[in-house]
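Structure provided below as structure tokens; questions to follow.
We call the chains A, B, C and D, going by the order they appear; numbering starts again at 1 in every chain.
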Amino acid sequence: MSQSARIKIAKRIAQELSDGEIVNLGVGIPTLIPDYLGDKKVYLQSENGLLGMGPTPEPQQVNMDLISASKKPITMEIGASLFDSSDSFVMIRGGHIDVAVLGILQVDEFGEIANWSVPGKDVLGVGGAMDLVAGAKKIILASTHQAKDGSPKLVKKLTYPTSGGKKANMLVTEHAVFTFSNKGVELVEILSDISLEELQKITGANFTISQELIRN
Amino acid sequence: MKKFIQSSDILKLIKDGDTLLVGGFGLSGTPLTLIDEIASSSLKNLTVVSNNLGEPGKGLGKLLLSGCLKKAVGSYFTTNRDAIKAWKEGHLEIELIPQGTLAEAIRCGGAGIGGFYTKTALGTKIGEGKEVKEIDGEKYILEKAIKGDVSLIKAMKADTLGNLVYEYTARNFNPVMATASKIVIAEVDEIVEAGTLSPYEIVTPHVYVDYVVASHYVKVGGVYVESISPD
Amino acid sequence: MKKFIQSSDILKLIKDGDTLLVGGFGLSGTPLTLIDEIASSSLKNLTVVSNNLGEPGKGLGKLLLSGCLKKAVGSYFTTNRDAIKAWKEGHLEIELIPQGTLAEAIRCGGAGIGGFYTKTALGTKIGEGKEVKEIDGEKYILEKAIKGDVSLIKAMKADTLGNLVYEYTARNFNPVMATASKIVIAEVDEIVEAGTLSPYEIVTPHVYVDYVVASHYVKVGGVYVESISPD
Amino acid sequence: MSQSARIKIAKRIAQELSDGEIVNLGVGIPTLIPDYLGDKKVYLQSENGLLGMGPTPEPQQVNMDLISASKKPITMEIGASLFDSSDSFVMIRGGHIDVAVLGILQVDEFGEIANWSVPGKDVLGVGGAMDLVAGAKKIILASTHQAKDGSPKLVKKLTYPTSGGKKANMLVTEHAVFTFSNKGVELVEILSDISLEELQKITGANFTISQELIRN
């Protein structure tokens, strides 16, 4: 996906975050979000043991013992705190993270997520994905609308292994914003010049269309 | 009394078939010197519990290449292609555990707790075969405590009693691993007099630490590089 | 953003029948100002989870005398004769839990863990009726997590974000209680600018703290005495 | 019991402790032990959150937020560390305390302990007693030989509620030292001028006598 599409997704999710929220950002697109928060002050939690993650340091200040969960060098913001992995997951699994922004492999029409394992592929990693799914108060998914092979990410039924029963609240792709509820998935916003028909064609699930649909 | 030992002495403390809890998140907070000793030993059939298996040829990646490992227990092996390859070829068993469950299970191992109920991995492939229990209307799966024979951890400083402090996010799994093995060996950058560390800043009290080894690595440009070749 | 509020404002956050987790070991680390507010309120049928029930007429002992309490959950009530009397007369329910199980159960409440298996109290009167499970050849009993509606904790300092540090052994149950209620209110001696506390010294990260109240007590001769009468 | 008898017990238990051990002292007689350690350096753990408990402070240095589990003012030794109650009980329940010295109500001939509740009396406290019993590597009991009413503390079968299945290793009274094993209780040392017959009379359990019985 083009960097501009990735930035579009990051920007749109940045709008969803509120002042004062505790946010955990997954790898990939989510890591772009801090650049688009403007005046909003959110507190970034990194599951390897930090609350108050700041921007990338200057090259001469890099210390590979101050890193993000993506293993990239970071800094600490004012008021940051350090803790061990068990305390970090008390924070994550105990419901203390306001928003987790996660990448996905698939999401079904009720918001159930698959984001750790591809059947038949050698993905031997789960990391904190299932912990974040189980524990975050709100889950926003950041993803391209389609996988590299053109298959839809939003599907009727997961064909990839689930990350757990807890449901996502929102999906943001380069084309659209969807929200999930017990009733299913709803299109609330179109972010590109795609037609509704075309959007339906490249989406694997039936979605309802919000009466207040926004077209940017 | 903590014993301050040479890195090569640790080979007397580890035996074939042992389960090692090894600190670190990627290469940060990883006891590189202790790993080097094991990689150059003839130890066999080791099980390593660690979040990752280092990187190809680095950190725990060395143990894999040296043929010491039977099994790896952790949350994320994807970034070490050697591990994936060894697993595909049947040379390495892998047990995948969510990162939070891994940290909590090790903490339980050190806390005398037999197991705990978590929602993480409920209903997933990783949760398959694990006991499901409903507590106060919510469903959980049972995860058992993890204990080791030997913990290999990395700290920034030890005082002469064995109290430890960690650098930034290099803390990660080290404090829980310090509680959960029969023998705990800490590799440290610096040893300071007892009393130098304030009672408020000590993260791992000395009770947990059996042996302290001075690191053979020094930090240059924010990254550890080897300074003394192991003898 | 943490809300810095007056002590009397806390009465809007607590309702009849609530379960309160209250920090402290004896009177040390006890939110005396917050307790005073509740003792002078008309709140009823409260359950208090705290290691002790203060002393007669002091700390949580005041809540008992003011008639707010329905039930006390803790490890040691013996030193408050008022509590024993109220229990004998049927005015107070008491649930006795070993101190370590109390601390761990509250930690689990804050950690999303439903319950855990411990050897403490196995085969005793306190363990009666609790599920027994054998894990890896050892027997344990199941203890369920404890959660509260409101936690009332006491810290030495808060920064303007709500990060907390505690004085000496006044830390005790406060950090775990900070994680385990829907609403967490911290009484503090001092409020300092964010950035004043080092990332290494912060014990309770601000994520856990909803409200901060300045204490009406000051320490004189090592003991807290009332300095400002609650309005 | 006289203070001299209490001191005798404390002194004898002090001999059992070794350099470098992590020790938790219960209320009562055990708190006298630090005065009789001589050159031995043991590290005292206090379950309210401290390792490295030092002696009672001078009156002008008392701070009631630096207290022992008996709620008495204390100091910190060099190398002391502070932690919260949950971490303190990781230390206690996880088997990291070398020796717990505990008071008792009763102990049976296999070393099973009753030290928290008197039937028919209003003892509504357990504190850390059961945690220490379950978790300490070694348990030494410090007790008068008889209760105030003259009944023996060492009994054939507990009539008071048990503190858990884990067994004590040793009992020290003003008259004698006993050790416990699967085979039962053995008298290893006589500390007063009591006769064997008299000792048997005031003891509620049958004990074997060590072939190396020491008589002081």
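What we mean here is this: a contact is a pair of C-beta atoms (placed from the backbone, for glycine too) under 8 Å apart; a residue touches a chain by one contact, two chains touch by 3 or more.
If you want to know which protein each chain is, UniProt gives these names: A, D = 3-oxoadipate CoA-transferase subunit B; B, C = Putative succinyl-CoA:3-ketoacid coenzyme A transferase subunit A.
Quantities reported herein were computed from a predicted structural model and do not represent experimental measurements.
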{"item": "Fewest touching-chain hops separating subunit A from subunit D", "value": "2"}
{"item": "Label of the chain whose CA centroid is most distant from the centroid of subunit A", "value": "D"}
{"item": "Interchain centroid distance [CA atoms averaged], subunit A/subunit B, Å", "value": "29"}
{"item": "Distance between chain centroids, defined by C-alpha means - subunit B, subunit C (Å)", "value": "34"}
{"item": "Length of the line joining the C-alpha centres of subunit A and subunit C, rounded to whole Å", "value": "35"}
{"item": "Residues of subunit D whose C-beta touches two or more other chains", "value": "50, 76, 82-83, 89, 93, 134-135"}
{"item": "Residues of subunit C engaged with two or more neighbouring chains", "value": "104, 107, 111-113, 118-120, 199-200"}
{"item": "Touch relationships between chains, expressed as pairs", "value": "A-B, A-C, B-C, B-D, C-D"}
{"item": "Residues on subunit A engaged by subunit B in the complex (per definition of touch)", "value": "46-50, 61-67, 69, 71, 73, 76, 82-86, 88-89, 92-93, 117, 122-131, 133-135, 161-166"}
{"item": "Subunit B partner contacts - residues on subunit C that touch it in the complex", "value": "104, 108, 111-120, 133, 135-136, 138, 140, 144-145, 165, 199-201"}
{"item": "For the subunit C and subunit A complex, residues of the former touching the latter", "value": "1, 107, 110-113, 159-161, 163, 179-180, 194-195, 197, 199-200, 202, 205-208"}
{"item": "Complex contact set, residues of subunit A against subunit C", "value": "19-20, 22, 43, 45, 50-52, 76, 78-83, 89-91, 93-97, 134-135"}
{"item": "Complex contact set, residues of subunit C against subunit D", "value": "25-29, 51, 75-79, 83-84, 87-88, 94, 96-104, 106-107, 118-126, 167-176, 203, 219, 221-224"}
